[in-house]
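Each structure below is given as structure tokens.
Paired with chain B in one complex and with chain C in the other, chain A is shared by the two complexes that follow.
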Partner chain A sequence: MLCEDIEVALKVGAIEKSKNLCRKGQGHFQALFTERTVPCIEGIETSEEKAIAKAAEILRDADSPLFYGWSNSSLEAQKTGIELAKKLESKIDDTSSFCQGILLERVLKGTLPSCALDDVRNFADVSVFWGSDPSNSHPRHLSRFSYYPRGSKRQKGYDQDRNCVVIDVRKSSTSKLCSNYLRIPPGSDAELIEALLAIQDGKMPRFGEKKRIIELATILKKAEFGVIFPGLGLIYSLTNKMEIFDGFLAKLNAISNYKVIPMGGHYNTRGFNELMLNETGYINQVSFKNGMHHGPENDVINAAKSCDVCVVVGSDPLSALPFETAHSLAKSKLIAIDPRKSLTTEAASVVIPSAMYGLEAGGTAIRMDGLKISFEPIIESDLLSDEELLRRIIEAV
Partner chain B sequence: MVSALEIYQLLPTAACKECGYASCMALAVALLRREKKLDDCPPLFDPKYAEKLNKLKELLAPLEQASETGLIIHAEKCFGCGNCVVACPVNVANDPTGSAVGLGPKSDKVILIVENGIVMCPNPDECRRFGPNKILCNACTATCPSKAIEFV
Partner chain C sequence: MEIRDIFQYEVGKKSRFSSEFQGLCAQIIIDKEDMAQLKMNGGQNVWLENDVGKVVVTARRTEDESHPGLGFMTNRLWSNQLVRVDGVGCLIPEFKAIKVRVSGSNKGVTKLSELLERMRR
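After this line comes the complex of A and B, so read on.
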């Protein structure tokens, strides 16, 4: 969420006191003191210099390297990473290819209308959480922007001025807070959209609880400013039928004003996608071998099977990706650049510790709504940032 | 959370009026509000009610952690979302540029804040539930997704 109103007091070896940080954020910063990585080559501790030299050596000898991760890193590091991938003519992909990429691409290319989260706070009267559960994924989302705060046009509070709709396959934490919760069977999002479209055309829906769906359609129709926050539930359900969602948004915008903000899970997913779009015309899944190619063969699922070296920056693919892909990645030579220990750093051939952004290193990141946020380092550290480490590797290869 | 009826069922129900109330139900409500203590019910200490007394002590133990307004915070359930901080009408009135617009509190007079990832109640005396003329506001507990805060 890139919350910019947090206050942290540090003492030697721990956080003394923090304010306004959710428990996730607290854990993020606490890990600085408890879960730090150390430079390693094949599990043996070494110096940072030697780890960087070894990483450069592995990359020099690699036939088809893959650069993956990027979502938990700064824009500057992502830019340097793209430069390195170009120099080595390798494949580059980020977590969005398995996550919000399909929607982010539509938002970045202007196919789907979007807006800033501050506009949501100031103007939105209907927030729809579709296949997403911000109470668990982004704990401060509801309180900072989408439901509870007062805004310039929403002065009376959430119970009078706002409507929150949750569409999910299970009774999530967020659904307990919202009066409008619609439970649907897994994979039936396309049918629900068709039912909602049918109601807008004056027909009876042929799906689920008709009364509830008509109520939902009425809330959507009466909105002055509606925002849909799609999560992975909707994306995995629609995958190859995303044009249905495009049509639904077009229909809603013909009768009201609706925007879409994909619920990006990591703090700088959108940053990498924007950079890649500017550099290559695609948001992810790019190979720089013999020119530039884009396609599903370059996404992490397929590339993991064919790559011999994988450089992971700002991500933990071995924990997050399906077993088969994680297994393929673990069999290749892994170079992990991460400030914190993870399953990936445990399995990596070379581990290079980096400075933690927001605490030890400054940089820029792009929030889920497209707002660029800069942060400064608040404590001094001898560790190099992701950007500086990648720059050193570029010089060495 | 414990109810007055649960407490009543464990009282001797002798209607002895030694506690100063007309019925055991009134005492149960007073125990729930922490206006009376178990010591105020002498028949309860009769050996034949020993089991009920132990159960009552167990039942009323969580109430001892409650603030003056009756707020109980279950720190292990809270994940610091801040919904209660932003939804609290007193926080909104006392801190119009901070918690009212979703940001972290900027005023010292807010009732609820999030500290170390967990909600805390630094100013219970500002709460609408404080004092004899209290209003039974539940804006904070109604917005908690994990039921980490509740009133007795």
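After this line comes the complex of A and C, so read on.
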């Protein structure tokens, strides 16, 4: 969540003391000291210079390269990566393709109304976590913005001033903290939306526990400023029926004031999507071969089947993607730019170590709500950033 | 169904290759009634199998509300062995709805090294 209020004192090889670090943050800082990558070509340690030269050589000879990842890298690196993909007439895609992209695109194009997290803290009286579980995915979300803090118009505390709703298929950690929890069967989100719309039209819902759903509809209706935080649970349930959600938001906004902030899981997914939208008119899944083309044939799942080289920056697709796709990527020539060892670096033909952003390198990123955040390095490092490494590759290809 | 777990995330940030991380990834949370049907209390290993792949993980028993027929795993290499890709488009809805057969196993949990080997084949 790009928390900018963290205070950390480091000693050799460990964190001495910290303030405002969540568990994810603790893990991130401790990662400075463990499982760091070294420059490698085909599993043999080499120099950074030779690894960059080899990556450039592989890319020069590539027929169908793919550039993938980007969500855990800076805006500057993403911009340089897009430039390199253009120069090599490659395909480029990011993690949003199979995560929050379908919703982020709607937010970025203005189809869904959104707002800043600071507005949530100051004005929101209803926060809806729909298929999302911030206690596990964004641990400080509730305490900084969406439930517990006092804001300029929410001075009485969370138990009097705010309603927090969790809609999920299971009793998640977040549902145990919030005032309202509605459990629904997996894949039934569209039916729930239809039931809520029916209640707004004065009809009885034909889905689930009618009393609970009428209670939820009443909470939603009475909100002065409501915010929905959709997670992958909602997105995968609706998949190609997202217009149902658009219609639901429009209806809610006819009687109240509702915004949507997708719960992006990586710190700079939105940054890549914004850059791509400005550059190409699309947020992801673009090929620069013979001009510029967009479509599902360029998403990582399909592109992995046909690419001969894949450059991975700011991601670990071999760990996070379905086996079949990971297998295809592992069979291609992988070039991994990563500060830390991962399954992707284990399988890569070329590994180029980079500095960790926010710790060893500075830069900027776009938070889930669209706020641009700048960060400075907190320790000195000889390692180059993703941006600098990609710039070197551009010069060498 | 794949879920997020902050403990797994923290450990994974520190070490993707530690036995602690592998233990947190290679497990499935199963409903009490389903565990009883499998004649298990929790902590035993199970085969998860479908037409996409198979893997051995540790079964854990739910301590909260019941959810018969539904199991939960974190998104990592073990769950991803079972996720279908063909014909589902880029959104991969099977991340949240992976259908598997569950049966007892006297084998050890599938090791990370074995999964990496499968990937390289």
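Convention: the second predicted complex is superposed on the first by the 397 of 397 C-alpha atoms of A that agree within 3 Å, B and C clash if a C-alpha of one lies under 4 Å from a C-alpha of the other, contacts with A are read in each partner's own complex, and residues count from 1 in each chain.
As a convention for this text, a residue touches a chain if its C-beta (ideal position, glycine included) is under 8 Å from a C-beta of that chain, and two chains touch if they have at least 3 such contacts.
On a predicted model such as this, the values are computed, not experimentally measured, just so you know.
When the two complexes are overlaid on their common chain A, residue A:21 makes contact with chain B while staying clear of chain C.
In the superposition on chain A, A:322 makes contact with chain C only, while chain B stays out of contact range.
Between chain B and chain C, C contacts the larger number of chain A residues.
Using the contact criterion defined above for the overlaid structures, shared-chain residue A:135 touches chain B and also reaches chain C. Residue contacts after overlaying the shared chain place A:148 against chain B, while chain C stays out of touching range.
Contacts of A:5 after superposition: chain B is touched, whereas chain C is not reached.
In the superposed pair of complexes, A:121 makes contact with chain B only, with no contact to chain C.
Looking at the shared chain after the overlay, A:174 reaches chain B, while chain C stays out of its contact range. Of the two partner chains, chain B is the only one that A:157 touches; chain C does not reach it. According to the touch criterion, the shared surface of chain A, contacted by chain B in one complex and chain C in the other, consists of residues 22-24, 26-27, 135-136, 139, 173. In the complex of the two chains, the chain B residues touching chain A come out as 78-83, 85-87, 89, 92, 100-105, 113-118, 143, 145-146. Chain A contributes residues 5-7, 15, 17-27, 121, 135-136, 139-140, 142-145, 147-151, 157-158, 173-174, 176-177 to its touches with chain B in the complex. Residues of chain C that touch chain A in their complex: 1, 3-7, 9-17, 52-53, 64-65, 67, 70, 72, 75-77, 80-86, 89-97, 116, 118-121.
Those residues of chain A whose C-beta lies close enough to touch chain C in the complex are 22-24, 26-28, 30-31, 34-35, 97-98, 102, 133, 135-137, 139, 169-173, 183, 186-187, 232-233, 235-237, 239-240, 265, 285, 296, 299-302, 316, 318-327, 330, 340-343, 346-347.
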